[in-house]
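Mind having a look at this structure? Questions to follow.
We just call them A, B and C in the order they show up, numbering each chain from 1.
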């Protein structure tokens, strides 16, 4: 019964596969230009955790498993997967006919080499913590052996944040950030000019996954319709919008909220809002006074006016949302709801008095690189000052704030951040932020709150999905009631395309397959 | 020293059209800066989310920004900060630039090592060095001043040194040396006063560079700590709204331009009057 | 001449050594390290620790310094952490972009700057002179990032004449290069046009007052010949030194301009390397760029010596 969902989903897909109705590009050809916000450094999908890398690399590389449109695990390069009854091994059979961009057919030796590389340099290699080893009994079979049964293994493995992508065996020893750009995806690298653009071209030797008829999530039946796709780095929001308006760019990410209204009147442009892009959040420091006192943290929580914070953070494009999952997700729980958006100054003042608060500074650690975090901090400062909290801003750049936030004694009380990829992947990924080692709320003396810890263990190890979801509910409740972190709400990001672009469905990462021009 | 040469100089300056124009422009900014606490009614960091993105109008002279802060308050206080930074950088340069320049121009043994360090600092593209220093020290007003001082002192020192090299060989200085006067005394009474004219000219241009570079650093997010209103900060925060709310970047941008132009005109005037030989140096 | 060259080259060595020390030290003192840039927005502390270990950032400073200078001795500038490419290659990839842009800006500067300066000098105290000097004054007073923003608003968004940013290499499409480079080049050039016009004007005025020019005029030589042959040739000497200054100003200016217009040049490379804490990239890149600037200035000095044989100047 474990991983029932995975097996079921795959079973259905297998049964319904291999039929005639698969997606076919209505129009083949053309050159598509996407305006990307951030510079891309390396296309090494195993060692880079930035959105800018994923934007491009997820179109080139594929893995054994991935996630579908609704974030359920599905098979991609694997044709079949069998889980042993004792849950101590997984046997993957590779999809036949798959070839790398260099023309070589995919075999299990490539999978072994890729997993070997990932276990050495892969950023999220804790996926393998419960794995004993892997082997390739024959050219098309790959077996993973577990040390202990881990019900959440496939969920972790199928994550798209830093997936175990499959590369040719000879790339096994490529150093971190230097993976050769040869994958199995529908797009292959044509040219990369760091700081300027990356161009992908259609890979004509691509073999689509016939278990599906349509693209779904990062998997499914994928077809490259354009001749080439260029990701152009355009860092200025205004410039991206202007490029879309003139038609220089066929689609863009991150349209500034202020421009959205103007674009609404433009018949040549389609706006594609991406709800729940991230949870705008403030992380408390439970070691540094005065926020080491739970009552001070609760006072802060009590006074916050989330509408004001989110309005300033996003220029008005947001949804109120409490906790660590979104209403449309299977993980969504309603525990701890009453802690959110209380706007209760009297309660806050009372809590402060109980805590004996005497005007010690509360340092808000934020950065200028992400204006939503910066603006949120400005509003929080003002709201805290209104109840007599001596709130100070500490504005640094993003790398510095990350480094500071990882130490409890570097002089901060609330760290402003945004949790994006993890909530999209599900509660297990998100709550890892608040679990050992190095829980972000900085538990005193590195001793995790035992209630948080117990709920986290249950979340990871209980056998059924329902039990794990209930554990998540408990964890969320404890975290919110003890005010370890302050989720402000969910930020909406807007992508947009020209009106003649079809098949470009908003997703965390732009997918270039099954997208085409209508004229 | 008699009063009349100084008076004559001032009279000549006041008759110099460019100098007077520059002075007038710069005075506008100085007055804004000096009167900031009295001519603004709203705290420049006061948020008012409901009044965001108001274009300039009778209610909001310069409009409001994305968080509803008054741009009038912000630019006026920004003027104050720009002037403070400019003055601090100029003073630091006057002291240390003169010191380094005079020592290296006067003492042969000190020349080579000091000038090598000078050369190394000047070899960096100015803005990158300033970025590096502020990144190390962390963004704050004091650190920006320090960074700008480090970037510009070598340039000032070089100008002072050039004058000192010439003065050192002058007969009256040699005479003083022969008469057994101490080095410190010679530097103080004979050399430095005579090197002042080019220094003053340099410092007036330096004020302009300091204001400009500070704005650039702030614009890149490395200047004075936000939400401190500086012109660069205001423009950096406003750039993402430049199409829909162009006044946010335009107002501080124009003020910045006026300041720099005023100082440049002032410098031109000073140069024409104080040191006509210098016209060939920019 | 040869001796002067050698002397100046030898003088450059300690300068570059100091540059390398300063950039190594500066980078290590900056809080934050490249792991944050690699690990991205959603990194867990464990990922960050893994990256630090992988990059050798957990090693003592001295070991890191020895490693860097050891490589330097063998002509190895190291490898960029973020880009995964060698520093030398990354720099060389970006250099042509900045050089092309600077050359374009320099060409505009020379033509407009010298032209305006000469014209103003010849028509001294007329409206032409005043207009030219007014424009020059504007040029040295407008912050180039402000000008860049205004250009984007006017020419790209408002009029739609030019693309808002991005870069097309000259070798790929000369027309595309012209379109993408014009706004950045003009915004880079304006400051230097101001500088050059002012200096050309005052130099010309001085030269025009000289006896030999007056004599030439008195002999009845045509005006354009006098101006072109006698006056301008002599005015070139101070102008040449200013060009040296302008080249380093262009490199400085490119830091902001390239960031603003999304141009993949040296300025953007180094700024993002500093902000992303890409230690080897900053150290090696700065060293290469300053070495180049030192060479340019040396070239200017040599040119100066050729143009004016009287000068055997030491600085």
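We take it that a contact is a pair of C-beta atoms (placed from the backbone, for glycine too) under 8 Å apart; a residue touches a chain by one contact, two chains touch by 3 or more.
Nothing here was measured: the structure is a model prediction, and the numbers come from that model.
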| item | value |
| --- | --- |
| Which of A-B and B-C has more C-beta contact pairs | B-C |
| Chain nearest the overall Cα centroid | C |
| Whole-Å gap separating subunit A and subunit C, where each centre is the average of the chain's CA atoms | 40 |
| Subunit B and subunit C: spacing of chain centres that average the CA atoms, whole Å | 22 |
| For subunit A paired with subunit B, centre-to-centre distance based on mean C-alpha positions, whole Å | 46 |
| Contacts with two or more other chains, residues of subunit A listed in rising order | 236, 238, 242, 396-397, 400 |
| Two or more partner chains touched - positions in subunit C | 31, 152-153, 157, 259, 275 |
| Sites on subunit B at which at least two other chains make contact | 135, 138, 239, 242-243 |
| In the complex with subunit A, residue positions of subunit B that touch it | 45, 47, 49, 53, 66-67, 135, 138-139, 221-222, 225-227, 236-237, 239-245 |
| Interface residues, subunit B side, partner subunit C - complex | 116-117, 119-121, 123-128, 131-133, 135-136, 138, 208, 212, 215-216, 219-220, 235, 239, 242-243, 246, 249-250, 253, 256-257, 260-261, 264-265, 279-280, 282 |
| Parts of subunit C lying in touch with subunit A, wherever the complex brings them together | 31-34, 36-48, 50-51, 54, 81-85, 90, 93-94, 152-153, 156-157, 160, 163-167, 259-260, 262-265, 268-269, 272, 275-277 |
| Touching residues (chain side subunit C, partner subunit B) in the complex | 11, 14-16, 18-19, 22-23, 26-27, 29-31, 137-138, 140-143, 145-146, 149-150, 152-153, 157, 195, 198-199, 202-203, 206, 238, 242, 245, 248, 251-252, 255-256, 259, 267, 270-271, 274-275, 282, 286, 289-290, 293-294 |
| Residues of subunit A defined as touching subunit B within the complex | 236-238, 241-242, 256, 258-259, 262, 308, 311-312, 315, 368-369, 371, 374-375, 378-379, 382, 393, 395-397, 400 |
